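For clarity, chains are labelled A, B, C and D in written order, and residue numbers in each chain start from 1.
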Amino acid sequence: MPTSFLGSALRGTFFFIFGLWWSVRYPLKYLRQKGNAESRPSHGAQRVEIFEGAVKAFFALAGILVEQFVPAGPHLQLYSTKTHGWTDLAHWHYTTMYLFFLLSGIGDIVSHCRLKLPLGLDRLSLSVALFTEGLLFCFYDYGDALLDHHLHSLLAMAVFSGAFCALLEVFLRDHIILETFRTSSFLLQGSWFWQIGFVLSPPWGGPGWDQTDRSNFTFLTMCFCWHYVGTLAVLAANSAASRCCNESCQLRFQDVDVELDCGICRRGNKSSNSALLPESTLDDK
Amino acid sequence: MPTSFLGSALRGTFFFIFGLWWSVRYPLKYLRQKGNAESRPSHGAQRVEIFEGAVKAFFALAGILVEQFVPAGPHLQLYSTKTHGWTDLAHWHYTTMYLFFLLSGIGDIVSHCRLKLPLGLDRLSLSVALFTEGLLFCFYDYGDALLDHHLHSLLAMAVFSGAFCALLEVFLRDHIILETFRTSSFLLQGSWFWQIGFVLSPPWGGPGWDQTDRSNFTFLTMCFCWHYVGTLAVLAANSAASRCCNESCQLRFQDVDVELDCGICRRGNKSSNSALLPESTLDDK
Amino acid sequence: MPTSFLGSALRGTFFFIFGLWWSVRYPLKYLRQKGNAESRPSHGAQRVEIFEGAVKAFFALAGILVEQFVPAGPHLQLYSTKTHGWTDLAHWHYTTMYLFFLLSGIGDIVSHCRLKLPLGLDRLSLSVALFTEGLLFCFYDYGDALLDHHLHSLLAMAVFSGAFCALLEVFLRDHIILETFRTSSFLLQGSWFWQIGFVLSPPWGGPGWDQTDRSNFTFLTMCFCWHYVGTLAVLAANSAASRCCNESCQLRFQDVDVELDCGICRRGNKSSNSALLPESTLDDK
Amino acid sequence: MPTSFLGSALRGTFFFIFGLWWSVRYPLKYLRQKGNAESRPSHGAQRVEIFEGAVKAFFALAGILVEQFVPAGPHLQLYSTKTHGWTDLAHWHYTTMYLFFLLSGIGDIVSHCRLKLPLGLDRLSLSVALFTEGLLFCFYDYGDALLDHHLHSLLAMAVFSGAFCALLEVFLRDHIILETFRTSSFLLQGSWFWQIGFVLSPPWGGPGWDQTDRSNFTFLTMCFCWHYVGTLAVLAANSAASRCCNESCQLRFQDVDVELDCGICRRGNKSSNSALLPESTLDDK
């Protein structure tokens, strides 16, 4: 598959940004839900989902435009009557991939709007987008480029595990373990797209790695695993950060509450609010 | 696989009609269920299921007859003693495929009759029919016809995803997401059968596409994805149409109710019905 | 795989008998459960399970003995020091297969005894036996015998679908749909073993079918599907028969009840039993 | 894959010890839970989980150090500038495998500490470790070493079945059947690593088995099944032993209780404890 480093980096960034965003969002959601038990999906959560869908659709649209209108791109021309052959199928290939994420983004927006579509449609559309992406990479004709094929097979692993996870979420919604796993699969996909760019078309020029050296295959398999270790490290760091942030927020809010309460207390000595005050502030008086 | 355009179009139409019918039926069912909460499967719904089964069985029977008694068909002859070989295995292949849909249709009819068979048997028989269809396409010997093999591999994807979905429905009955997905897989299968017909035996004659040109493979993989986009568009349009239709129906019925109620009101001034009247009609008086 | 017709027929009979037994037992169990709602697994049902396990273990033991001590068998010798090679691996192969069914039989007996092992262990042991059987057929080295490989690949389909079904039953116990499907997979396996015998080593002698004729492959794939149609027919016939039998039994029992009740009524005119009598018998008086 | 017997034995021992430990722990847990109905995971159980995680992490760390700093190992050097090639990829391969078990161990410790991470994270981390292990063995480039490939394919079966089981446990926690199956898959993996060592690099020296003799393939497939039979035997024996041990413990404790109670009774004639005494001890007085 003829790959440019920039195209690969663009795809990687798309998935990585989503992974990063989820790696902060889901732990925070989980911590808040644990705080106030059995809270229903709020109005705010729905607005976040719509915003997410809009960003996804925008990114996907940008990706389609870049793939089509880059100088070497097909400029929406599919069949060349001059050469009697298909033009730039690799660009069309990625256009198709982005198209499904565009649909998934639109699906997100529509299913969280006031239309009240059946819950789970957003996860299904994400799952379909990922399965299609995996299908495209599996059925692509790599020809002799065995290393290319190997790299995209590993990518397909990450893609399919994410797709399978999103499919499970249709039935098991808001399951923190599944959300964490999906996040990790997106981060892995993102970083692996970067790796593909470095291997097949290094940014410093040159022909890419040797497609025939078998030890490269074994190394890249391991490298894929190390990427996942890195992914898990990012996930753990962001979860810990969001935990700390959440606790310090609550603490600060509590302080604000205490100060507010105290001010109220000082003014009106026996206000009805005092029942809600923590013991310490009552002792202060 | 020796394919005629007409045979392929027939198969495509069979699946597409079912997909279209479901794309209207399931959204309507969902909207009605949402309206009157927790309604049990009514007598009417069962009659629809029986009707569906009868149509399926009729189509399948027609398919079997066409495959067997078309001029080039085997006319129920399996083994030719003249050539000491099997006759027209491709026709027998499709006959077998239709046979399982015939059984599925009979299964639908029987399981919704007064026999009170265990619920879920209709979905199981559909799932078995689809799995068998996929198996037939996977184990077929395509020989050198690589493009033929590629086209039917993609078809098998659509078939197996539908089969898997129907299998899940045995356990998760009346799940709108699963029903929608099954509908989309039928629509995709239908339109892909048409595509197969156009590629392997174009209706305007000629030898079909080049089986050795590798770029055709990549293009057709993408084409499969675009078919699915088209499928989703059809699905969305039909859902929206059935939603509008459902709302306008309810509105009209409400109008009729109001008129009827008003007529009653005018005649008997303080009828016991007035408690059921909407506020507006009461204000009218 | 060097196959004798008798060995193949023996295996087929083993699976077919179990399928036949289940095709009568499960419909009857279902009908009785529907009659008296939410009945717990009775003492009688457990005795049936133990009996089933014992028969399975006995059949498997017989199979092992036949495979080992048939004139051409290995007589428990695994390695021949004379030829410096393994002896009769095909016989050992089937011995291993039977061994797991022996273990499954013992598992059935043990888990329904008074030991009170965790429920579901019997289904797990059956699933393990089937998965192992499938594994053995998948990893067997068929060499050039492509038709042999094709036949056993189809067999493995039946085996794995049964194994998967038994695995689901660990979690969804006493689900009539799953039990029916498992029954059908056993019947299919049984009849396919017979077919393998007829194809590879016909009972009337001769060399078996042509391993290189590709049309045989396509025909046998279809043939596998027709076997499944036959299987479903057997299943439907046995279910219908057990239904009729069950109803006539209940009718006869009811008659007996009525006669007994009437007798009681005639003797003591206002017995306390009369409340339990059907209307018709009360009208008789 | 260049394998040393000691490395293979080390890996085997790692998995086998875990299997053995679980084959005692889970039956005991099950028996205790059955005794006192619906007991919540106690503080003691959590300490056992943390201990298990620590041992797993320690073993994995030891494995990494051995793989890296064995005389023939890569000593943390990945790329040799002298030969312009990767150094000792097989050692790095196993290092990667151990790395994920190290992470799984840390995951166990962290998720059962006071941090209150979402339940199921420990099972997910184990599942990820096993899936990664399987992926590493599947994507490894075995070259011409077909027997090597066959042996590791069989190993991957055991690995993936364990991984799939651990994944199910994320959703179905504390399910005795799943725990038993996971235990058996670990025992099988452990004993199969030993077998691999014996086949590819026998401890008594020599070149290992013939990689081209096809009968070796069939024999080793069967051998894998026999290993599983041995595994099940170990499992059954340990379960029976832990059952006996549990019963004798309870009996002894009961005796101790009785004696203690009697002593109390003799001293204070009508103590409030007497209500808790069994009938027999009350009769004694």
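Please note the rule applied: contacts are C-beta pairs under 8 Å (C-beta built on N, C-alpha and C of every residue); 3 or more make two chains touch, one makes a residue touch a chain.
Note that the coordinates shown come from a computational prediction; the quantities given were computed from them, not determined experimentally.
Chemist: Based on the averaged CA atom positions, which chain is farthest from chain C?
Modeler: Chain centre farthest from chain C's centre: A.
Chemist: Looking only at residue numbers at the chain C/chain D interface, is the share used by both copies over half or under half? Answer same or different.
Modeler: Under half of the interface numbering overlaps between copies: different.
Chemist: Once the Cα atoms of chain A and chain B are superposed, what angle does the rotation have, between 0 and 180 degrees and to the nearest 5?
Modeler: The two chains, chain A and chain B, differ by a rotation of 90 degrees.
Chemist: Counting only Cα atoms for the centres, state how far chain A is from chain D in Å.
Modeler: 34
Chemist: Quick one: chain B and chain D, Cα centre-to-centre, how many Å?
Modeler: About 48 Å, centre to centre.
Chemist: At least two partner chains per residue is the criterion; list those residues in chain B.
Modeler: Residues of chain B never touch two or more of the other chains.
Chemist: Going by the contact rule set out above, which residues of chain D touch chain C in the complex?
Modeler: Interface residues on chain D, with respect to chain C: 30, 34, 150, 153-154, 157, 172, 176-177, 180-181, 214-219, 221-222, 224-226, 228-229, 232.
Chemist: Which stretch or stretches of chain B touch chain C in the complex?
Modeler: Residues of chain B touching chain C: 85-86, 89, 92-93, 96, 99-100, 103, 116, 118, 120-121, 124, 128, 132, 135-136, 139-141, 143, 170-171.
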